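Below are structures written as structure tokens.
Below are two complexes that have chain A in common, paired first with chain B and then with chain C.
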Partner chain A sequence: MHKLNVRQICFWLAAVLPVSRLIVYPATLSFRAGNDLLWPALWNLIAEGTVLLLLLLLARRTRRTFFGLLRERAGEAAARMTALLLALFFALAAVLPLLEQRGFVLQILYENVPSFLSFAPLFALLLFAGAQSLRALGRTMDIALPIFALCFMILLLLALPDADFSALLPVFGRGMGEQARTALFSLPWYTGAPCMLCFVGNFEYKEGCAKKVLLAYAIGAAATLSFLAVFYAVFADISFLQHNALAQISKYATALTPLGRIDLLFVIGLTLVLVISACVPVRLCVHCLGEAFGGPRALHAAIVSILLLGVTVLLNPAFREAQTFLSERMWPVFALFGYGLPLLAALFLREKKAHRSHGIEGKTPRKDLSAADRTRAPSPETGRTLRAEN
Partner chain B sequence: MKKFARKALLFATGLLLLLFFTNNFGLIDIQKTAIVTAIGIDAAEEGGFDVTAQIAVPDASGADTASNVTVRGTETVGEAIAELNRKTGWFPTLVHCSLILLGKDTAQENVFRALDYFLRSEYVEDSCLVALCETTAAETLGAGSPIGDLASAAIAKVLSAEAQKTGLVSVTNLRDFAKGYFSEGESGFLPQLSALPQAKSEGGSGGQSGDSGNSSSAGGSGSGKSGGSSDVFDASRTALFVRGQLTALLETEETLAYNLAVSGTDMAFGDVTVYEGDREVIYHLKIDIGKKSQKLQIKGALPVLEFSIRAQAQVVDANKAGTRTEIAATAIVPDHVLRAAEERFEKELRAAADKAHATGCDLFALKQKLHRFHPKEYEALQENLLQDVRITCDIRFETMR
Partner chain C sequence: MDTKQTDKQETFGADIRANLRMLKEALPAEDILVYEFAAGDGTACAAVYADGITDKELLGALVARPLAAAPAPKTREEVRRKLLFPEVKEADDLDAAGKEILAGNPALLVDGVRGALILGTKKVSLRAVAEPQTAIAIKGPREGFIEDIKTNMGLIRRRLKTPALRFIMLNVGKYSQTAVAIAYLDGVADKKAIRAIEARIRAADIDGVPDSSYIARFLARRPLSLFKQAGTTEKPDILCAKMLEGRIAVLADGSPIALTLPYMLTEDFQSAQDYFVSPYRATVSRILRLFAVCVSVFLPALYVAAQLFRLRLIPFGLLIIVSGGIRSIPLSPGLEMFFLLAVLEILVEASVRMPKYVALALSVIGALVLGDTAVKAGLVSSPAIIIVAIAGISAYTVPDLTGTLSLVRILYVVVAGSIGPYGIVLLTALLIWYLVSAESYGVPLLAPFAPLIRHDLADSLYKADLAALDRRPRALRGKNRTRLKLRRDAAAGREDEQPSGEGPDGQAADAAGEEKDA
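Coming up: the complex of A and B.
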């Protein structure tokens, strides 16, 4: 009962993951790639989608978690070490979204100049989210999807009258080299694959599940690309100056002038989804710490939240430097954990056909085994995970 | 106990979310709030800037009283804004600033020396309107408003989207002006604003005054309640900019032609003069633009800008006494009037283009079009594009049915 539902994973990919790419990412892309900003985004989306597909194939063949498989193949020490490294990676991956949100919330939602204290309560929420089960995190995705669908569509529609899509021409004006560099430097915004790696074995794989998940990812990718296109069509040559893209594109709608910035209602709606998206790496960091050290989840959640609060306070006056460091210096780390590790896991941790034919795990044996058999005989790793979740 | 802890945690989370999403815990009494509604920037005598902020203070009745505070002789606009805060105790976050006025002298140099500040700051909306004043920005903001205390409110009405729709004003906001400046053509335009004294009502002059260091308050507006001179604002002429510097001025008719051909104007009113017999007759027409397009083509290595405009017209008035039949059939525009309207439109459009291109202003964003749609020819043609471009007009007017 503490497993994630496939529906919730779909909602995460379609609604929550794209929102985390709508604040500073569009301006960063346009700074380097100019009117070619769609292409580096597309390369990354395709790469992430491919890794997700391979992870889904892994999930299809096993009911074990990533760490369960690792324990079986490489031993306890290797599994714990990998869990620790992944925990550190998730903590690192949470820094940029938190800094982005800090700037976004303090600059857009307040009319005066608020102190950092106004943003600090978010860390209490992260502590709460970190201490909950993955299933609870999944439930937030059920809330996120309708909010995202409504608010995102309205903001895009409000922005369309001001959009001049010819600004995206000429295609490939910046050259492939610059596009490749831009794609690499934007890797901190592509952390969906390691999250999915941690979800493997934590959701019930059913027939046709991969298609649904990939369709959801495609919808999320289309939403990201549409937003980027409209964003550049609205701002053209000054788009790299628009750091809070989510709140900028719709503010010129003339229909709203007599009413004021009514679009802020929808921006606030998407801010709620942003909060949910910030909870995901934090919760998975806690999950990995649990796999590495065991112990109470609340303690890990407290450690992670305090650590992130400290880092955010430390980097509060230096967002640009932090962003440059993370994207231009740390991109190999994001490439390794974002694409490399999930790819290796998907390729080398697959259950062998011999195992499957003996009815251990996988699609075919599941057909052979009755539901009662499956519930009666969980693998040791799966059982351990469920206990940890409890 | 566990259940209670969970409920308490949920409650605390809800409370924290409330704190996160609202600023209600930092409630400010609206009557003690000062809102900067407009900023005026003038060139100071020793270089630098004189910055005037029009500040609205809401009172108990819901009306706004205005005062203008000027900070003189600062090197940057940002410094002036900081000094406004230091000297007045108000921190102008400029979120409600919907208008930036540039004094005429600022346009002798690159105006982005001053406008940069608003692009850098996250606390200023780049949707705010921008205009160039015929005199100084401080004088314009100090003019009497016919619709209350705030001159900025009256100016914002003159520069509204509705004004743009009728083609009388080339409305520009900071985003569009900056887009033009940073584009391939490095050009842009701003409406030129003139305050025209209209009437003088009884009572003392409005506004408030006060000095603080090198800050001084200009006469605020106040015809609405306290009496004083009432001005109206005219923004029918358009100032052209190249690399941020003023280069030329489009007259009212040229502005109208430009708006009808290029910008978001769909409906406008204009005069056409024709000779009927030996008599000069002026027809006042309502013009409804049906279709319009402008396309840059490369024909035999020569750039050609093609305008295609389809419009419908209706007689609104004429300076002759019409017969009963003529008045009854007022919607029908005589054919010779339609042809005269087409000629007039083309003439004014060409005049606007010639004036802009002669001063190097890429009014029709030709370099941008060349770069976007003909990237291969861009390098070869962009240098002399404005001199070489040939303009063709296909303008047809019909009677509005």
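Coming up: the complex of A and C.
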């Protein structure tokens, strides 16, 4: 039985993935690239989109999961080792969004200076979410999309009257070298491909699936770029100081005077999506730990949550240093796992066409599937019912 | 009656004295009486019955009189023929006869005839079928279920005149032996769900079942959940509509509330009236209900969070009024709101249980003393009272959820008062995660929103026109999905159309529809 639906993956790409790029990322981009902030983002979006496309081609030719394919080609030990490394990567990838969220929440949602305890319950939620099934993760995407679409559009509309898009000119003022460096340093915000790698084999690939997923990704990318454009158009030269862009962008809307900061309600809505997006790497980290060691999901979720809580407490007073370290020092790690590993998987784990056609017709002998995948392989005749189940 | 005693598999012989002795030993209760009489030739006959729930008049007129007028019959078949009675069953052993006697159906014994005959003369005093107090309709049918399961089954049968309507009869309760019926439409309801429900009810080991809510507890996958696990209704028209969608009903004797399964949260936002008014009006009503639920849950918490942590959420003009109102309040905003919500719950609880004559006095006390005077005394602020009142009233737009909503509202206030706005966000995320992972007999609780089932949205938050509701909800997994076929000539408004009758043609068309689905 498939755990995810293609629609849910589309919603994740269109709504949940972009929202994590709307907090500190815009200010970081403006700090490095100034009014050219759109270009490094575009390069990264194109690169990530290309890797996603290759992963979709991989998913098209197989019914196995990434770890199932690895088990078959490289053996159990290699699969377990890769799962462990990916788990560590997801834990690392979860750190920056959590720190960003901490700063965002404590500065935007509170007028006083609350203690870290106000933020700590998030880790209880991460524990709960981590222990849930992948199907539940998919279903949260169904909820997240309408919230994101409504809140994001309203915030953007509220910000538009204050936007002066001439601030984005001249184009390529900073030169290609600076743009390339900015693109590399912003890799921690591009972790969609390894997530997709874990989704391979957990959803049913159907004809036209790649188009839908890429379209959803393009919509998400357009949302990110339009937000960046409006953000810079509103704040121009002082945009690098606006670290919580999501909440800052619409605060000058004139409609708010008689209504109070009504935009904060939509910011709270987007914070909800942000919380859901923080659960994704944690849940996938638990998934990878399960592939590496087996055992109960709740135990892995508890370990990951406690680990992340510890790291967040440790880095609590040093967000700037942590961000600099992750983006300027650790970018090769993010490049390796964000683009390198999915790329290698897409190129070397592809199944042959003959195998694929058998798979589609449902004639693949079940004994060919690995033990882990045997339970996941759908019966072709029930494909329609399964869609409704997810 | 002691259950252990009825479990004996003792069989009746031909000697009436021995049989009566057996029955007396098995049923020693004082209300189990023996009516002894003689047949025309002097042969001893006896009817053993439970006093108060057996129609004695019927017993005398249709059983004793014909037997007394003629020589005694020699076999059970002959006795059957002698009786002018339509509902007669045979019982060979003590256990079967004992159960029937306790259910109100007397056992007839004739000397020289082996075994007993069970006569269906059960008589229970019933209230009339009336409109239920909890589901009053402005438009639409006004009948409601009563406490008698047979009457309730009849009310369903009257609306679904099809052999596909099936009942699985079970007895639940070690001592109460309450009749429980699982009702479903064969070919429409999901068979797996029917089997699962039957197995769970059969596995229920409980002393007694005073109400269907006891059964609901056994049917729940997450018995400790804050959220409902089964739909409930007191109206046969709603129950039949749900069964036509593919749901399964569970009726319990002694309870006017029927359970419906599988349950989806969106059901509670639907009202019977939505189907009798225009789809636009119904859609507006449903959106209003959702908005009211959000107001009911979030408004008190947001007010507390805004006061404690984020005052800019409140417009400046209103902020001045609020700050003027709360200046002299001794309680913190969270505590003040918690206190007011507790008062609201007490008032609701008291108004449900008090005699009608006292209700007016209580509302005066509630509104004036607790409201106005508390504000004047400086114990609570006016904005807080207004917010609690709005939240309380809003919850009643979805009556089936009021219990859950009041608990969730208090949880939100506690979280908002301690953690602030982020607490509201986190609790919402937690509830989302919890609800998306919950299922009711294979059907996701949040369907058709999570997972998104596009077709089923037509009767969820918005109500599409009847013509668009041509398929049963996909989430319910029934195999027969077609429920409406609009004839083209009818759609074109031709007057010479033939009514699309039920029966063979209709069935054939339905089968064709199913084929198309496949």
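Just so it is clear, the second predicted complex is superposed on the first by the 351 of 390 C-alpha atoms of A that agree within 3 Å, B and C clash if a C-alpha of one lies under 4 Å from a C-alpha of the other, contacts with A are read in each partner's own complex, and residues count from 1 in each chain.
One rule holds in what follows: contacts are C-beta pairs under 8 Å (C-beta built on N, C-alpha and C of every residue); 3 or more make two chains touch, one makes a residue touch a chain.
Just so it is clear, the structure is predicted and the values come from calculations on it, not from any experiment.
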- Task: Classify the contacts of A:177 with the two partner chains as first (chain B alone), second (chain C alone), both, or neither.
- Result: neither
- Task: State whether A:265 touches chain B only (first), chain C only (second), both chains, or neither.
- Result: second
- Taking the superposition as given, does A:5 touch the first partner, chain B, the second, chain C, both, or neither? second
- Taking the superposition as given, does A:128 touch the first partner, chain B, the second, chain C, both, or neither? both
- Query: Which of the two partners, first being chain B and second being chain C, lies in contact with A:139: first, second, both, or neither?
  - Reply: second
- Which superposed partner A:241 touches (first chain B, second chain C, both, neither): first
- Figure out whether A:208 sits in contact with chain B (first) or chain C (second), or with both, or with neither. neither
- So, does A:276 touch the first partner chain B, the second partner chain C, both, or neither? second
- Can you list the residues of chain A that meet both chain B and chain C? 105, 109-112, 114, 118-119, 121-122, 125, 128, 257, 268, 271-272, 275
- Message: Taking the touch rule as given, give the residues of chain A at its contact with chain C in the complex, in rising order.
- Response: 5, 7-8, 105, 109-112, 114, 118-119, 121-122, 125, 128-129, 132-133, 135-136, 138-140, 142-143, 257-261, 264-265, 268, 271-272, 275-276, 279, 385, 388-390
- Interface residues, chain B side, partner chain A - complex: 9, 12-13, 16-17, 19-21, 23, 26, 28, 91, 93, 95-96, 119-120, 122-123, 125-127, 160-161, 173, 175, 178-179, 182-183, 371-373, 375
- Message: Applying the document's contact rule, which stretches of chain C touch chain A when the two form their complex?
- Response: 309-319, 419-426, 428-430, 432-434, 436-437, 442, 444, 446, 449-453, 474-475, 477
- chain A - residues contacting chain B, complex: 103, 105, 107, 109-114, 118-119, 121-122, 124-125, 128, 166-167, 169-170, 173, 235-238, 241, 243-244, 251-252, 254, 257, 268, 271-272, 275
